[in-house]
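Structures for review follow.
Here come two complexes built around subunit A, the first alongside subunit B, the second alongside subunit C.
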Partner chain A sequence: MSVTVKRYIPLAITFVMGIIMVIATYFLAEGTPERYATTQLTATVDIIVATAGVIGLVVLLRHHGLNISRRGRFWKYSTITIIGVVLYLIVGLYGIATHEQHLMYASELFSWVYMNIYVHMDMTIFSLLAFFIASAAYRAFRLRSLEATILLIVGTLMLLGRAPVGATLWEGFPTIAEWLLNVPNAAGTRAITIGIAIGAISLAIRQLMGIERGYLGPER
Partner chain B sequence: MSIINEGLVASFVLLVIVVVEILIALYLTRGGKYLPKIRKIPGLEAIEEAVGRATEMGRPIMYTTGLGGIRDQYYYQTIAGLDILGYTTELAAKYGAKLLYFPYDPTIIPMAVDVMEQAYIRAGKPEAFDQENIQYLGGDQFAWAFGVLGAAQREQSAANIHMGPFWAESLILAESGFYTGAIQVAGTANYHQIQFFVVAADYALIGEELMAAGAYLSKDPTQIGSLWGADFAKIMVVILLVVGVILTAAGVTALNDFFAL
Partner chain C sequence: MALSISRIDRRYLYLLLFILVSIPFLYPLKLPLTIGVHSRLVYEVTEGLPPGSIVISSVDFGPSTLTENRPHLKAHLFHCKEHELKVVCLAFWISGGPIGDDVLREVYGSDFPNVPQYGTSIVYLGYVPGNEVGMQTFGDNTVLAKGTDHYGTPVGDLPLMQECASAEDFDLWAEWTSGTPGEQQVIQFVQGRHGGPSAVPIVVGSTAVSVPGMMPFYAAGQILGILNGLAGGGEYEQLLIDAYEYPLVEALPLLDSQSVGHLLIIAFVIIGNIGYAISKYGGGEGS
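Right, the complex of A and B next:
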């Protein structure tokens, strides 16, 4: 593939689309046909995403298929993955094939598998977060440095301020917790947010001008 | 009637000022005419240490760019993550370490393939590039997180690098990585997740450090110039804050009125 196709055309598209979006945001009023036209441009992203979904499926099936054929490490897990993907795909396609209304139809069986198998596994995984928070907090709150000591004190005050037992012990704990949240915490968060916003503008300028192009392909 | 949309006048004026500051900095540093000194970012310096450790131990490096894709407002973090992926892959290629990359969003798979291939070419080992090292696990938050976690457990990765937009899965990834004994470098601009990385990872990039990574690692004077320009913008914001506090305390609302435009 030539350098023009691989490098300059993506850079030109990036620049033009970036400028169009800035103009749309600041100069085109909501509800005007021009603004509507620019929002339609984002529909192209949906087309790319739909195509990329197929890429994802192919990459996943190829990886696990090769692992099975080579009898690689944990190939039995790969077999389970492929069976899961193919079965759920069949369930989905069967639902569409037997329903005349529209292509986005999810059959009862499709929804049942999702609601009764997938959602439960997902929630199980999410709930493990509580234990990870506890173990991370234990390590972070150990008195190893001045920062860790401050973290421990602030964390303890926040716990006492937020848990019902804190107010029972002393009515001042919730007030302290509120102040910690609304003053030092808000100040730090806003400083980080301002830095992120300016950093994002700086990154955007480097990308729009084609100065930073590490995310593009090989220069050949 | 203003030609700029209502409520966005101050935003536009500030954007123009910031852009002009950065462009001036780019002009002044163009071609290495002036090279501003930038502070070291320990998180980025630690990547070489992490790759070296993985090489010595003969175990892989795990890399993720969070829940990022190209379709949302967090894309800039994904792009920054891909920049660091290129750098890390190049180091891994030079040292002969294996790097496994786990994209969350399939839209970035083609970009990741290009970035990693380019890195192997730069390292002088194009033949060592293996697309099988890019493993798609699925597009659901916790399914993906536990796919990465499972891979880290099975492969016993020596180094875990997480750079991009993260949400609730940040601590799952970082804490499980701690238990496998991997050296961990993580960064995100999602300020509500930064604390988890700071606590659980060995090195953390905080907010804007992630966006500065591409310029920092490239050592390109022009790119570094943009960081210099961004620093001027931050100084301007601090001055505006101080002036705003003083004016408001004195009962003058001119600045507040301007930001309401």
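Right, the complex of A and C next:
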């Protein structure tokens, strides 16, 4: 593939689209035909999302298919992944084939599988965090330094302030927890947020100018 | 002694946590609940809207945080229904699509969307693709963002969507979130583009772990109220019980278990540190 296709065309697309969005946000008034045209442009993201979905499916099947054929690491889990994807795909296609109204409709069976199988599995995995947190609290939350001591005290106050038992023990705990959230936490988070925003703006300018090219992949 | 404290098999800790957290399900403690300012503000902002106002209810979470986020969504939808607000419900997370449908069936009845209010007082658009770009498009022009509702009906056939053409028509954006896109993207791509907090007021229901990150936006008035995790859900349910005899309670019964879990973690921290102190100052072996 030539350098023009790999580098210059993507850079040009990034520049043109970026500039259009900047102009639309800062210079075009709401309700004008020009602003409406840019909104139509952003609506085309559906096409990218749909294409990315298909690419994702192909990459996933290829990655796990190769792992199974090579008997690679955890290949049995790859088998389960492919079975899960294919079965759910069949359920979705069956719903589309049998439904009278619309391609977009999530059939009863599709929703049932999601709500009664996937939801419970995902919730189960996430809920295991409670056990890890309990274990970590026991083993890692140590008064080793001043910073660790402050962290531990604040963490304990938040634990007491954000559950009914805190107010039962002493009615001041919820007030302290709200103050910690509203004042010291907000101040620290604000500083981090502003720092991130400035970084994001500089990164965006570098990408628009074609200086930052990391998103195009490695240069060869 | 220090050695024995620091080397307790973690499986015993897991077992203890499991048993203690399970007990309140069988024998509820019924601990009194204090209503926090953040939750009360969500209630007051919603209650302060005149009947007929349009509320956007965005289901931006997945199954992993269902326990925290679903009570927020469900209670707020119920509140909107009782207060005669018009709701356009949608999801910018693909995993939120089926969850929104499930919760709406709980609030409006199992026949949803075949209920009299559908299309005039409530619409469910389902998944709107594009993450923050989808949010921006929806704020600029709702029809361009999604041409049909979750059930395949063209939005042109839904009278409520004629009243809700763009962010100019939104009276409140209720964001139920546990990540990105979430409240920060609504602020950036909808509120910021359409006149600020006074034009598009935002209330949020979020997982407790995400709330610290949104406090600067709350302090700046860009977010008017926050339901903070499970406790926030329970507080909102209590407010709805007092005002509307809320029948779909979900978070309140879980708060006793949460209290026990928090106390146990504090106990673990204290015991762990006693073992650490003994090992450090008593000459024993540390963990």
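We adopt the following convention: the second predicted complex is superposed on the first by the 188 of 220 C-alpha atoms of A that agree within 3 Å, B and C clash if a C-alpha of one lies under 4 Å from a C-alpha of the other, contacts with A are read in each partner's own complex, and residues count from 1 in each chain.
Here is the rule we use: a contact is a pair of C-beta atoms (placed from the backbone, for glycine too) under 8 Å apart; a residue touches a chain by one contact, two chains touch by 3 or more.
Quantities reported herein were computed from a predicted structural model and do not represent experimental measurements.
Look at A:139: by the touch rule set out above, it reaches both subunit B and subunit C. In the superposed model, A:164 lies in contact with subunit C only, and not with subunit B.
In the superposed model, A:106 makes contact with subunit C only, not with subunit B.
Of the two partner chains placed by the overlay, neither subunit B nor subunit C lies in contact with A:4. Residue contacts after overlaying the shared chain place A:126 against subunit B and subunit C alike. Residue contacts after overlaying the shared chain place A:98 against neither subunit B nor subunit C.
In the superposed model, A:195 lies in contact with subunit B only, and not with subunit C.
When both complexes are overlaid on chain A, the residue A:73 reaches subunit B alone and has no touch with subunit C. After overlaying the two complexes on the shared chain, residue contacts for A:116 are found with neither subunit B nor subunit C. Comparing the two interfaces of subunit A, the one with subunit B and the one with subunit C have residues 25, 30, 45-46, 49, 122, 125-126, 133, 135, 137, 139, 189, 193 in common. Interface of subunit A with subunit C (complex): residues 25, 30, 35-36, 39-40, 42-43, 45-46, 49-50, 99, 101-106, 110-111, 114-115, 118-120, 122-123, 125-127, 130-131, 133-135, 137-139, 141-143, 152, 155-156, 159-160, 162-168, 171, 174, 178, 181-182, 185-186, 189-190, 193. Considering their complex, residues 6, 8, 10, 13-14, 17-18, 21, 31-34, 36-38, 62-67, 97-99, 101-102, 126, 129-130, 133-134, 136-137, 140-141, 144-145, 148, 150-153, 166, 168, 193-194, 208, 211-213, 215-216, 218-219, 228-229, 231, 234, 255-256, 258-266, 268-269, 271-273, 276-277, 287 of subunit C touch subunit A. Within the complex, the subunit A residues that touch subunit B are 25-30, 45-46, 48-49, 52-53, 55-56, 59-60, 63, 66, 73-74, 121-122, 125-126, 128-129, 132-133, 135-137, 139-140, 189, 192-196, 198-207, 209, 211-212, 214-220. Residues 3-5, 8, 11-12, 15, 18-19, 22-23, 26, 69-71, 76, 79-80, 82-83, 86-87, 105-107, 109-111, 114-115, 117-118, 121, 132, 134-140, 142-143, 145-146, 154, 168, 171-172, 174-176, 178, 189, 191, 194, 196, 199-200, 206-212, 214-215, 218, 220, 222-223, 226-227, 229-230, 233-234, 237 of subunit B are the ones touching subunit A in the complex.
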